[in-house]
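So, here come the structures, one by one.
Both complexes below contain subunit A, partnered by subunit B and then by subunit C.
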Partner chain A sequence: MNIPPDAGNGLYGRRALLRSGLAGGAALLTTSAFADTKLRRPEWMQTPGGPMSAAGAPSRFEAHVQRTSIRSQPGTDGSGVSSTPLQYLDGVITPSRLHFERHHSGIPDINPAQHKLYVHGLVDRPLAFDTEALARYPMVSRIQFLECSGNSSALIAPQAADLDCAAIHGLLAVSEWGGVPLSILLEEAGVSPEGKWVVADGADAAVMSRSVPLAKIMDDAIVALYQNGERLRPGNGYPMRLFLPGWEGNASVKWLRSIKVTEQPAMSKEETSKYSDLQTDGSAKLFTFPMGVKSVITSPSPGLQLRGPGLYQVSGLAWSGAGRIKTVEVSADGGQSWAAAQLDDHVLPLCATRFRVAWRYNGAPATIMSRATDESGAVQPTRAAVMRGRAAGSFYHMNPIQTWRISVEGQARNVYV
Partner chain B sequence: MNIPPDAGNGLYGRRALLRSGLAGGAALLTTSAFADTKLRRPEWMQTPGGPMSAAGAPSRFEAHVQRTSIRSQPGTDGSGVSSTPLQYLDGVITPSRLHFERHHSGIPDINPAQHKLYVHGLVDRPLAFDTEALARYPMVSRIQFLECSGNSSALIAPQAADLDCAAIHGLLAVSEWGGVPLSILLEEAGVSPEGKWVVADGADAAVMSRSVPLAKIMDDAIVALYQNGERLRPGNGYPMRLFLPGWEGNASVKWLRSIKVTEQPAMSKEETSKYSDLQTDGSAKLFTFPMGVKSVITSPSPGLQLRGPGLYQVSGLAWSGAGRIKTVEVSADGGQSWAAAQLDDHVLPLCATRFRVAWRYNGAPATIMSRATDESGAVQPTRAAVMRGRAAGSFYHMNPIQTWRISVEGQARNVYV
Partner chain C sequence: MFMFSALRENVRVLTACLGLGLLVPAACIAAESPQLGQSVSAAEIAAIDFTIMPDGTGLPAGSGTAKQGAALYQQHCQACHGDKGVDGINDRLAGGHGTLSSEQPIKTVGSYWPYATTVFDFIRRAMPYATPGSLSDDEVYALTAYLLYVNDVVAEQAVLDAASLPKVEMPNRDGFVWATVVE
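Right after this comes the complex of A and B.
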């Protein structure tokens, strides 16, 4: 490109990409000239290929694209987490098979014909809904993110750990969630005037239980039946789950079984001991539901090898529990200068947005980072700001700027600046 | 609901849904009262559930949700089609494993390290790109539909065939497609002034070959590398395919191997003998690329059983190769009256849009249909209008209004009106 970069160390942002269409009239990108006009046919063009099938699968050459960082509590195999392999994905949708997991007592094998959702407590008419009844209600479907409030907790470590993007940030996924607005079911049941919260219970062995303000439930909560077009998968709450757009994932109770309207929150273990934010002054922030504005560069990132100097796409995801992403800035000089990134169509509320810049990597060590701003004006904070006032070991709701250090070997590593 | 319907035979459209929130203060929908406040725990709450895993899978209770209507040319198993099971899906995204197939000589098993895309013909600099090189270019990703131009061809039959929604309309799918704008690659190669078309060849044994006007290529064509967040699946062109938003699927050549810039179209078999529209006057429409405005009710539809009178969701998909869907109307009285359907957020261009109405089924036979209008003002035509001037056996580009007849047994059947 014969045009000036938008920021230091060879970064071409939205401005440059829009002006040039990226191709400045010369083969400046990584391509090879091609002279042979008689194309030799490879072996897979010599004989008919594989058959039609009832269900497709990824290529055998993509077998490395799996959920990673799988771990569980000692003596268990279902009380833990697995991570979305963000560094191998592009766009915003997460394939359902790769959606991260966080289960507290494994995945129940629920027969939908024997499962019901009970709506009770401070209501005029307690009601029970089976899956087939629920599917008769007019639904909504929206593409939105789900993030575990423990995502990125690795960044509380005093020294930057040698972990990849999935291990640090992979408790994030984006799906099209489809289901019945819970407001319809509660209006049908008739909420008593003193009802201010609902307590949602799951049908797993842990009976995951969370309290949610009634206002959120009536605003945009759904009982989700569909994920990315098909019925929920067991690891994501089959046959039905609560889904609370923009809020910490744990409150979107999977395998939803009971919605009880109450005056007060239940103060369950999972909202007092866990999923709360202990401060250095000994107080704890409770019910800190909305996820903060956040972004991360997924490529390049640890494990993806840069093949020498030249032009590369720098790409990542940005999201916020407050609504739409407004801007994402990228720096290739450790935060001294920033270029506004190009955002993919369409920037949806409470969804991740894919951002991109072009970067001319000169082969020298470099420090790259991204910083998101949402439509509320909130700006993704530095790590120092996120750690301020946070008690030792308090690891929920971590949304600091992520810094990757690129080595002369073209490898990225998690660092603090 | 104590509010008047928006159209005949108990249809509640967008107007009623917005006004009432659907719940009029009484349990008018299909629910059962619930009095037992001591909930008995089912067996799957008694012991820990299944483990975390590297990849998730659908529930064993959803094993019937597969691609259907699989058929191939005699003596082959890879020269045919399989259909997206639209009647079991909701929202707009099609899970990649269920994306319909139309292959002309099976699915090649391509090693991406040995595959290249050649850009040549009327260009200043012939170029070759491997997958890794392509992935260094700034990409775009967009959620858009792909429809085989032979979709819905069953509706040319003189008598309405007893087929389900997938068998008639299932050569349609929606994915997030991510890749490199082909305009960037062609600008880099330098297109000669006399270049007006490109001929795209696939790396399958059939060497699927289609001619595409250069204007479309420079407008919004991409070399797709990603589908729904992950690399393309083999059945959808791994490691790369052409993707032409809104145009007949066949022209989005899978396993893309060669882009040759030419003055004239190649007049290949697949654009003269096939994928053209023969008229009764003996002429044939060639290069009829954009798919027409269309909609179909996916639920209820054949194979989905209504369980007696009561309120049901009527839901379906609408799409158009001309841009965004503007309105969808639904009728429950055979087209005598229509209600404007509620459209899901967000109505995206060249994407399918999910529409919904509520319907009070009174148990009597009923005739339901949907009719889409796009932002260009085009209205989905009747079957009679689509058949007018069409030669016998000419089956591409069928977008008539689909009519389902609901029997007293609550079963839907394809009919003509």
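Right after this comes the complex of A and C.
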């Protein structure tokens, strides 16, 4: 690129790409001058390849792309988390097999023929819906993110920990979620005027439970049956889960079994003692539902080696629980200057958006970061701003700007600035 | 003829949708329920309804004391949560009172949880970890009483039941503010 960069230390953002005039030069057509050349065939071109199969799998050379940072409460193996390997993915869709997990008492092995969703409480007619019946209901599908409220909690550590993108930010995934608007089921049951909340229970061994304002349920909540075109994976709530677009993941109760309409929240253990935000003054916030505006550079990031100076694409994900992403800015000089990133075409509400800038890396140490702004005007805050007023150990709803420091060897590292 | 009547029906639904100010009338038409919900008896609902509200709604019959709960705690809880709810491999359940505004807040049942009913609700749902649902309601009351007792919230002899448990005042009852306004 012989055009001036958009920001310091060699960043070419959206403006530079527009100036450069994306039309490429005509390729030169040539014919081989070497008549006696033996056409080369690597091993896999010398015999017919593998057979058809009933289900595909990634290449064996991609075996390293797996969920990572798998950990569970002491003495358990299903009460914990595993992370989406964000740094190995591009685009926005998370392959279902790599969708992060957060379970509170393992993954139940539910027979859909024996599972029912009960809608009851403050309704005119308590109803039960079996899986087969639900599949006959009008459905919608939307590509939206799901983020655990505890995502990025590693960034509360006083010293920046030596962790990769998945370990810090991998409790995020994007899927096409398909299912039945819960409003249809509630209207069929007839909600009493005094109903203001619903209590959602899962069919896991913990009967995981959250209270959700009825307004959200009637607005855009679905009983999801499909994820990326197939039925939900067991780890994502098979045969049905609550899905609350843009809200903290825990409230999207998996293995949904019961929706009880109530006047007040139940004040369950999860919503009071766990998914609440303790402040330095000793008070705690309840029901912080929407996830804040956020972005992270997934490439380069720790573990992805830059191989010497030259042109690289810096790319990452941006998302917000308030709607669409409006802009993402990228800095390669520690936040002194910013270039507006190119956003991939599909900028969807309550979905992650892929952003990209070109970067002429000169081989010297560099400090790169991204900053998202959503359509509500909310700007991704600095770490200092996110930590202000937050009690020690209070780790939910962390959305600070992530900084990667690129070493002279081309290695990225989590740092605070 | 069917086409026309279907068309008329669509126009009717469209008009209704537009009247509601919805932006996507097509979604409204598509959102008609096939009415496949099965009616359910009160007994069936009672058998799947775990919810206990802070005012005690949903609490079952039965009762228990901390004295009865002590042995149950040793048997079912101590291995993960430690002696008297402290120093276990999993969540600390007792102590930490008055630490929430300190530099090292300790969140336990006694120091943090706003409602005593939540203790009963959670034990009955999810504990013991390996065998949830194995305790009787009397045993859950007794364990709830024990955890409140080791947190100095109730006396060792206090009998907890559906009437007394919702009246227990937790130390951090007023420590929470709602981040979401619900009209």
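Convention: the second predicted complex is superposed on the first by the 398 of 417 C-alpha atoms of A that agree within 3 Å, B and C clash if a C-alpha of one lies under 4 Å from a C-alpha of the other, contacts with A are read in each partner's own complex, and residues count from 1 in each chain.
Note that in this section a residue touches a chain if its C-beta (ideal position, glycine included) is under 8 Å from a C-beta of that chain, and two chains touch if they have at least 3 such contacts.
Keep in mind the model is a prediction, meaning the values are calculated, not measured.
By the touch criterion stated above, A:Ile184 is placed in contact with subunit B and with subunit C alike. By the touch criterion defined above, A:Asp345 lies against subunit B but remains apart from subunit C after alignment on the C-alpha atoms of chain A. When the two complexes are overlaid on their common chain A, residue A:Ser258 makes contact with subunit B and with subunit C alike. Between subunit B and subunit C, B touches the greater number of residues of subunit A. When both complexes are overlaid on chain A, the residue A:Arg125 reaches subunit B and subunit C alike. Residue contacts after overlaying the shared chain place A:Phe289 against subunit C, while subunit B stays out of touching range.
Of the two partner chains placed by superposition, only subunit C is touched by A:Ser209; subunit B is not. In the superposition on chain A, A:Gln46 makes contact with subunit B only, while subunit C stays out of contact range. Look at A:Ser273: by the touch rule set out above, it reaches subunit C but stays clear of subunit B. In the superposition on chain A, contact is made by A:Pro95 with subunit B only, not with subunit C. Counting contacts by the rule stated earlier, residues 76, 79, 105, 118-120, 125-129, 133, 136-138, 140, 181, 183-185, 187-189, 205, 207, 257-258 of subunit A appear in both its interface with subunit B and its interface with subunit C. Within the complex formed with subunit A, the residues of subunit C that make contact are 27, 30-40, 42, 44-45, 48-55, 79-80, 89-90, 100-101, 103-105, 107, 109, 112-115, 117-118, 121-122, 125-126, 129, 132, 175-180, 182-183. Subunit A contributes residues 73-76, 79, 104-105, 118-120, 125-130, 133-134, 136-138, 140, 181, 183-185, 187-189, 196-197, 199, 201, 205-209, 213, 215, 257-258, 260, 262, 264, 266-269, 272-273, 276-278, 280-289, 391-394 to its touches with subunit C in the complex.
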